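Going by the order they are written in, the chains are A, B, C and D; count residues from 1 in each one.
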Amino acid sequence: MPTVLARSIRRIGIGLAVMSISVGLPLVADALRPEAAIGNASAAPIDADKAAAFDWVDRNAETMKALATDLWGTPELSFREFRSSRTLIRYLESNGFTVTTGAAGMPTAFVASAGSGKPVVALWTEEDALAGMSQRPAPAREPIVAGGPGHACWHNLIGPSTAAAAVAVAQFLKRTGAPGTIRVYGTPAEETGGGKDFMLDAGLFRDVDVLLGWHPSTNTRTEFEYSKAMAEMHFRFKGVASHASVAPDKGRSALHAVELMDAGVNALREQLKEDVRVQYVISNGGGEPNVIPADAESWYIVRANKHDEAADVVQWISEIAKGAAMMTRTQVDMRVDNDQPEVLPNRPLAVVLDRNLHLVGAPAFRDEDRAFARRLLEGSGRDPQPVSTDVVALPREPAQEAYSTDLGNVSWTVATGRFAVAPSPYVIAPHTWQAAVNAATAGLEAIPIAAKTLAATAIELFKTPGAIDAAKEDLAAVSHGHTYKLLTPPGRKPPVYREGASAQPLR
Amino acid sequence: MPTVLARSIRRIGIGLAVMSISVGLPLVADALRPEAAIGNASAAPIDADKAAAFDWVDRNAETMKALATDLWGTPELSFREFRSSRTLIRYLESNGFTVTTGAAGMPTAFVASAGSGKPVVALWTEEDALAGMSQRPAPAREPIVAGGPGHACWHNLIGPSTAAAAVAVAQFLKRTGAPGTIRVYGTPAEETGGGKDFMLDAGLFRDVDVLLGWHPSTNTRTEFEYSKAMAEMHFRFKGVASHASVAPDKGRSALHAVELMDAGVNALREQLKEDVRVQYVISNGGGEPNVIPADAESWYIVRANKHDEAADVVQWISEIAKGAAMMTRTQVDMRVDNDQPEVLPNRPLAVVLDRNLHLVGAPAFRDEDRAFARRLLEGSGRDPQPVSTDVVALPREPAQEAYSTDLGNVSWTVATGRFAVAPSPYVIAPHTWQAAVNAATAGLEAIPIAAKTLAATAIELFKTPGAIDAAKEDLAAVSHGHTYKLLTPPGRKPPVYREGASAQPLR
Amino acid sequence: MPTVLARSIRRIGIGLAVMSISVGLPLVADALRPEAAIGNASAAPIDADKAAAFDWVDRNAETMKALATDLWGTPELSFREFRSSRTLIRYLESNGFTVTTGAAGMPTAFVASAGSGKPVVALWTEEDALAGMSQRPAPAREPIVAGGPGHACWHNLIGPSTAAAAVAVAQFLKRTGAPGTIRVYGTPAEETGGGKDFMLDAGLFRDVDVLLGWHPSTNTRTEFEYSKAMAEMHFRFKGVASHASVAPDKGRSALHAVELMDAGVNALREQLKEDVRVQYVISNGGGEPNVIPADAESWYIVRANKHDEAADVVQWISEIAKGAAMMTRTQVDMRVDNDQPEVLPNRPLAVVLDRNLHLVGAPAFRDEDRAFARRLLEGSGRDPQPVSTDVVALPREPAQEAYSTDLGNVSWTVATGRFAVAPSPYVIAPHTWQAAVNAATAGLEAIPIAAKTLAATAIELFKTPGAIDAAKEDLAAVSHGHTYKLLTPPGRKPPVYREGASAQPLR
Amino acid sequence: MPTVLARSIRRIGIGLAVMSISVGLPLVADALRPEAAIGNASAAPIDADKAAAFDWVDRNAETMKALATDLWGTPELSFREFRSSRTLIRYLESNGFTVTTGAAGMPTAFVASAGSGKPVVALWTEEDALAGMSQRPAPAREPIVAGGPGHACWHNLIGPSTAAAAVAVAQFLKRTGAPGTIRVYGTPAEETGGGKDFMLDAGLFRDVDVLLGWHPSTNTRTEFEYSKAMAEMHFRFKGVASHASVAPDKGRSALHAVELMDAGVNALREQLKEDVRVQYVISNGGGEPNVIPADAESWYIVRANKHDEAADVVQWISEIAKGAAMMTRTQVDMRVDNDQPEVLPNRPLAVVLDRNLHLVGAPAFRDEDRAFARRLLEGSGRDPQPVSTDVVALPREPAQEAYSTDLGNVSWTVATGRFAVAPSPYVIAPHTWQAAVNAATAGLEAIPIAAKTLAATAIELFKTPGAIDAAKEDLAAVSHGHTYKLLTPPGRKPPVYREGASAQPLR
């Protein structure tokens, strides 16, 4: 593929050019003066270690993209990332990493390590796909498997880029003999369920000094921002089955309970503050219409800017559920599957990440990419919104974003730095079939950008222990005195599915 | 009005003709052999006393119709029949009745008496109109007062015909010197509220031997039938007011509670037995939309064939109300305004009534009446359904009807006989504007029919003490061992309105 | 199993005893005077042919029960009766039947024939189980597979008994050399989908003279009765997916459309006539709560005593669906999967069936069965309702029942006779887990009863051509002039599933 | 009342003190350099004219408060401010104003003028109260008239203070002989209906140069801010009445339509942007439950930051209404009663107002007021939120507030300046019974503050024609090119009520 090759060469060229300028700059001092970088999007100077990592990434870009395309082709739902995790584990092991599989009791969780001793810099990956998002890589809605899952949140890009970054960093550690460990945490069920918390509860992050990761988004930026807090839960209603025509009066409809609960929540929306989001689906709508449904279930996600507020709304919703059960003479059971505070931004890590993200730059899309994206977005009823071709400037104050992630609890425990890379020349909404198309086409261009940024940042941190200390101090200062009570039941276990079997978890 | 005059004469003629045949028949024995009359609609023989009463009714028919037209023109809501009750009281007093007004603490209730001693034969009247049914006597929807009340249940026909019958019977008692008392109970709020029960609780029916009455319906028949049991109640929800735009999160919406309760009840319909009926209106929908409503109220009627079943449904609905309050963090208060078991049919009284109803015959409508009724019913999307021109045969077993009345409790206490007269040549549904038109036009023809039937039946009962005994024995036998617990609060008081003032009761 | 053996012997004894009495009675004449049998439950006399069939059934009773237990253990959903149909086909083929598989384009439909020429007497079987009804044969709710299907409508009893009857009749035809064909129609998807109609449309019933079948029910009776008419349909709503927190305003919720449609239907219940039944489940409740659902689906069954009325209600519900789509800016597509008029009772066939059912008698349950049934029904909050130990008398007029079946269209085309056998000493509601337990325990006792009744009736019909003519004339007379327009799309195809694959049909 | 007297004296003292400092400052220039005042809350210098006005206000403070107390005692609903407007008209006429009553076809609208020629400075008043807010001036919920209206939005304070300011300004014009006209616009129905627009449409604001007014709020500030745009509308559903038990299937429920529409809107909330507000009440919930309601009505207010967005939401809601009508086979009619864009802030006027508001200062509450306010707010479940004792600084950019007013259209036509005065030492939410209490107690203290600020601002504008020009230029610049299409029907007429009659407007 000559076009792609040409690009890689161009990038190497830029990398080397910049490298020559940056030799000899006092990186350590810079990291300790994080405020220097605020506001002006000045790129970090490049040193030989970063340059070597960039070179490695560029040489392996096609491999990474092939890996991402492979993952894209076998989308797997949350907690069921069997094949995807094996693919990444194989890649990491073949590149010298030691891998613990089945971490924290989850068959698809893993921890891969290289190097040794302190500090421990960790990267995370996510591999799960979204239900109902199966889609051919074509600019029209065409599922590959009707109703099947699809990579509409770009997680297929995350694993390969992160694994590649980890390998490049491992090479740096090995080459330089620098002390320190580079890890990759393969975290299941980012979309629903939240695998990271089971790893956190199992103590797997205990010795991690800083955690780094990325996600495709609407632009290329350091995510110095709050996500929303969120809680995810199931409401199971239990009624009495009865023949729907012969004896409907003998039945107690669990489905009516679910619908009345939803009606109650829709009315509640009037009383919610602007930043609150509540969404639900009906995960069990009741068997066959011949029988008054004895079992029905809904699945909720509640979000708010702050965890306390989300918890208050969950409390009210649980009262609505009880009211619906009372109305229908059924029983209800609420199970909180995931409870995440807002992700905590870490300014020192944001400054280092931002420096390196500017060094790498945003993806440069081709005219063909632009044309394809416009076709892809046709029929959405809105003009395509172009993405900035530059890395967005680091904000003075943390922004407040509307998404939420399962990184919330981790970010209150480990100093966490995050960034985003735009996978498209025009904004593509996550969780749409267009995102699934993009994840197999132009979105692949985000992979080397992310890999280089992760690698350069990790290398800089290994070379600048003070920056790690600053990040940890910032976390300590910001989280000091904050307590929040999780809604998830203590001692809960992750769901375990059997590979190949479909619907129900074994546990 | 020559046409009407001709009719009266024709009726007198028939009356006299039949009378001549009936002289000397042993009526007492007949009443004691009620089963003899079953199935074959044989008219009772007419005697001189009945003939005299018929004659009086025919001579006063225009007066009664004028009275009915007057009542029609000033429709008054339940418990607010101020002018209507005064009109009837004046008529009865001017015809020699002694009247107790303000009976049982209700300004519009009265008991009028003539004659003396036992037995006591009582007739009842109803005078209240229906909200929103104001209508000109024209074959198209034209309210006289937009949103105003109207006589869409024909109660304007009941008072005049019943009062006239009572006067005719009083004349019989006076003329013959027979022992016995004829009474008229002016009962408020038949439509909603149920004034009869307050009179019952006050002991006003204690010495009544039999109770007789009538209502317009889809045909002319003795109502040897069960009505549905019914309970009527208000649910008042109390929330917290708040500015609907500035601070909706501080409000608690009583209106949402009402709507969620209704949604719960609509879902419940799936679990209701076929004979159950539940209907509601929203009697307070919440002020102005600038404010989250702190107050809202719904008004329910629950009906079922049997009282126990209605009570079960009320129980479930009260749980739905509590569920709705829980959902919305509001409070709810349920107040049962009226609770009536199914009306108990009384076979001996039905037999006597049926005999006399056949003697009188169903109304004979004119071609003009038929043409007008067809115009009136045009646009209903259904072909007009012609009414039988004959009195319908007495059924072998009591029928089960869908309506309910506030006669339920009374009928379990006093032996009660009822019949219906068709007010129209084609079926007109009650509680429609067409009924309000009919009540001022052809419906007036039902008045002399009803008056004669009531008078003849009462006269026959006064002359046949054994028939009264049989009726009382039937009640004792049928109601023996049945107990039912009323949902109305013990010791409750009727609402009292001030004449002229509009909305709220004083108490 | 000595107990069972003792029973079989007892039954044979009875059969023989009765047989000796019945020899020589003029069966033909009796069948032509069907009214003779009304009201008094006189058993038919038994002849040698019936006695032989009974003997065969008794000798094979254990085999049939084993077959039923086998089917019970592998419950399969509608249109997916792969294993069950194969089991029956194998049994019939091994007993000399010629079997056409994959009938009418349905992998699980079959037609098995023995004998030759006219008349053609056909029996039908049903094999599908119900979703969510998986249950151990124990007196407490214990699914074998959580959420899995189960035989809660006793279809596991139908196939073995019907196949056995067919074999017994085939032996009669072979032995006597009588002209005529005995057939078994293996009809898929009785519970939902209605496989019989695809076979009807394919002309597979064209040469059938009479059709006979049975079903477990609340007592043992000839089903001289109307079922309800019914229509079954799916509503698929199509919206726009969007991230539920980042851009909910960009989404269009198909799930809200489903819920609002259901709310509209629940409100509609107030306007439905008493005999109408409407039930729904939500067959697609919308993916994951991270995404505003672009796809959601509900599944409805509408029933009414008459087909026209059901069709009217379907029309209104389709308007509600459109209203819900309008409310949510989504699109909706209605697909009618099954449309059945009320099953037409056939008096001549009912008379013959009734005679033979009385000859066979209702199942005689043991004390252990009664004790177990009482335990099974404990906790239902109702006293167990004992089942008549006698065959219920044939009613004078056809009864009206609340169930519906996919026999509706067939019964308007082929003269159809049906009967019920009580599978339990106490009434067990169909479509409950208790029914699933019963279908593997005492319910097995219904099998020989049903097999004998089917066999005796078919034999009597083969020997009495006039009875067949009477049945056909009755159908012609009753259905004359009646037309009904089916709501199912013309030329529709049955859904086809792949064995082993789970959720979605291939077509 | 010595306490109050002491206060007035104290205020006069402050006024004079400040006056002595300010003599001789070049006010004109200042007004032309509006930006000078931004950010620092510097008070305007006081001149002799303002001082004279302040003196007059202080001397008449008790009269104004008595007037406000009088209005408070006779609360009148929108378009029915009969007595209230007469009270203000009488006051203005007795102080030399010429008054046009019945302005723009509204019995309760008036325009009062004094002075002559240009420029024309206009003030507006509002007099309507809120339904259901009747309340004694006591710290517990005690309606004076159950369900009656009450001054829970402080409009009783607006008329007296504004009229007093106008009189003070008229005296200035008369005394100085300065050219110019001071006007008071008595505008009906601010709460619902929007009387200002009818006056605008009638051309009554055509020659107005600037418009000034005030409203109590959560603090004392110049309202340099956007309100929300809003549209207010009624949805009338028309069904078919029928007896609710005898023939519910013949009815078409307009009430169900209203409830389903509301359910649709509650679901829609999920798709609304954060700034949108939708609220409704049910203004006709359907007569009596004996009848399927043929008529029902809901009353909606839609708000959004921008008018276009509000109009989009109204469009969607109108589709929901149509969907609800389709669901219930009823008809619906939407009538927009009021449509207001967001109020346009005017920077030059804000600067002048702010200068004078600082000159006057925020109300100084007493310890008793504070103690009473705390008692008043007890039981609200929230700690009382203290109000700033200073005038809040003018913001750099216009703020965005959540309320809306009927000033929207006027503010896009006439340069409009507005300010708020805190009526309480602790924040009291508008449209609560606590606000009604405050409006009769401590809230009266806001009157002289508002009167002085209005008078001083008007005087300064009369003396500084350039400031008026600047205000008009700012309006022209900001509104240039903006067009918005009103949803109200062209040529609509205001509703007209008859004084004393209650519910329905004559037109």
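Annotations
Here, contacts are C-beta pairs under 8 Å (C-beta built on N, C-alpha and C of every residue); 3 or more make two chains touch, one makes a residue touch a chain.
Here the structure is a predicted model, which is why all the values come from computation and not from measurement.
Within the contact network of the assembly, the step distance from subunit A to subunit C comes to 1. The most distant chain from subunit C is D, comparing centres defined as mean Cα coordinates. Put simply, the C-alpha centre of subunit B and that of subunit D have 51 angstrom between them.
Taking each chain's centre as the average of its CA atoms, subunit B and subunit C sit 48 Å apart.
Computed from the mean C-alpha positions, the centre of subunit C lies at a distance of 70 Å from the centre of subunit D.
The distance from the centre of subunit A to the centre of subunit B, each centre being the mean of the chain's C-alpha atoms, comes to 70 Å. Contact of a single residue of subunit B with at least two other chains is seen at positions 248, 256, 259, 263, 266-267, 270, 279, 292. Residue ranges of subunit C in contact with subunit B, taken from their complex: 263, 266-267, 269-270, 274-275, 278-279. Within the complex, the subunit D residues that touch subunit B are 130-132, 146-147, 191-192, 228, 230, 232, 241-248, 250, 255-256, 259, 262-263, 266, 277, 279-295, 298-301, 303, 382, 401-404, 429-433, 502-504. If you check the complex, the residues on subunit C that touch subunit D are 248-249, 251-253, 256, 259-260, 263-264, 267-268, 270-273, 292, 316, 319-320, 322-329.
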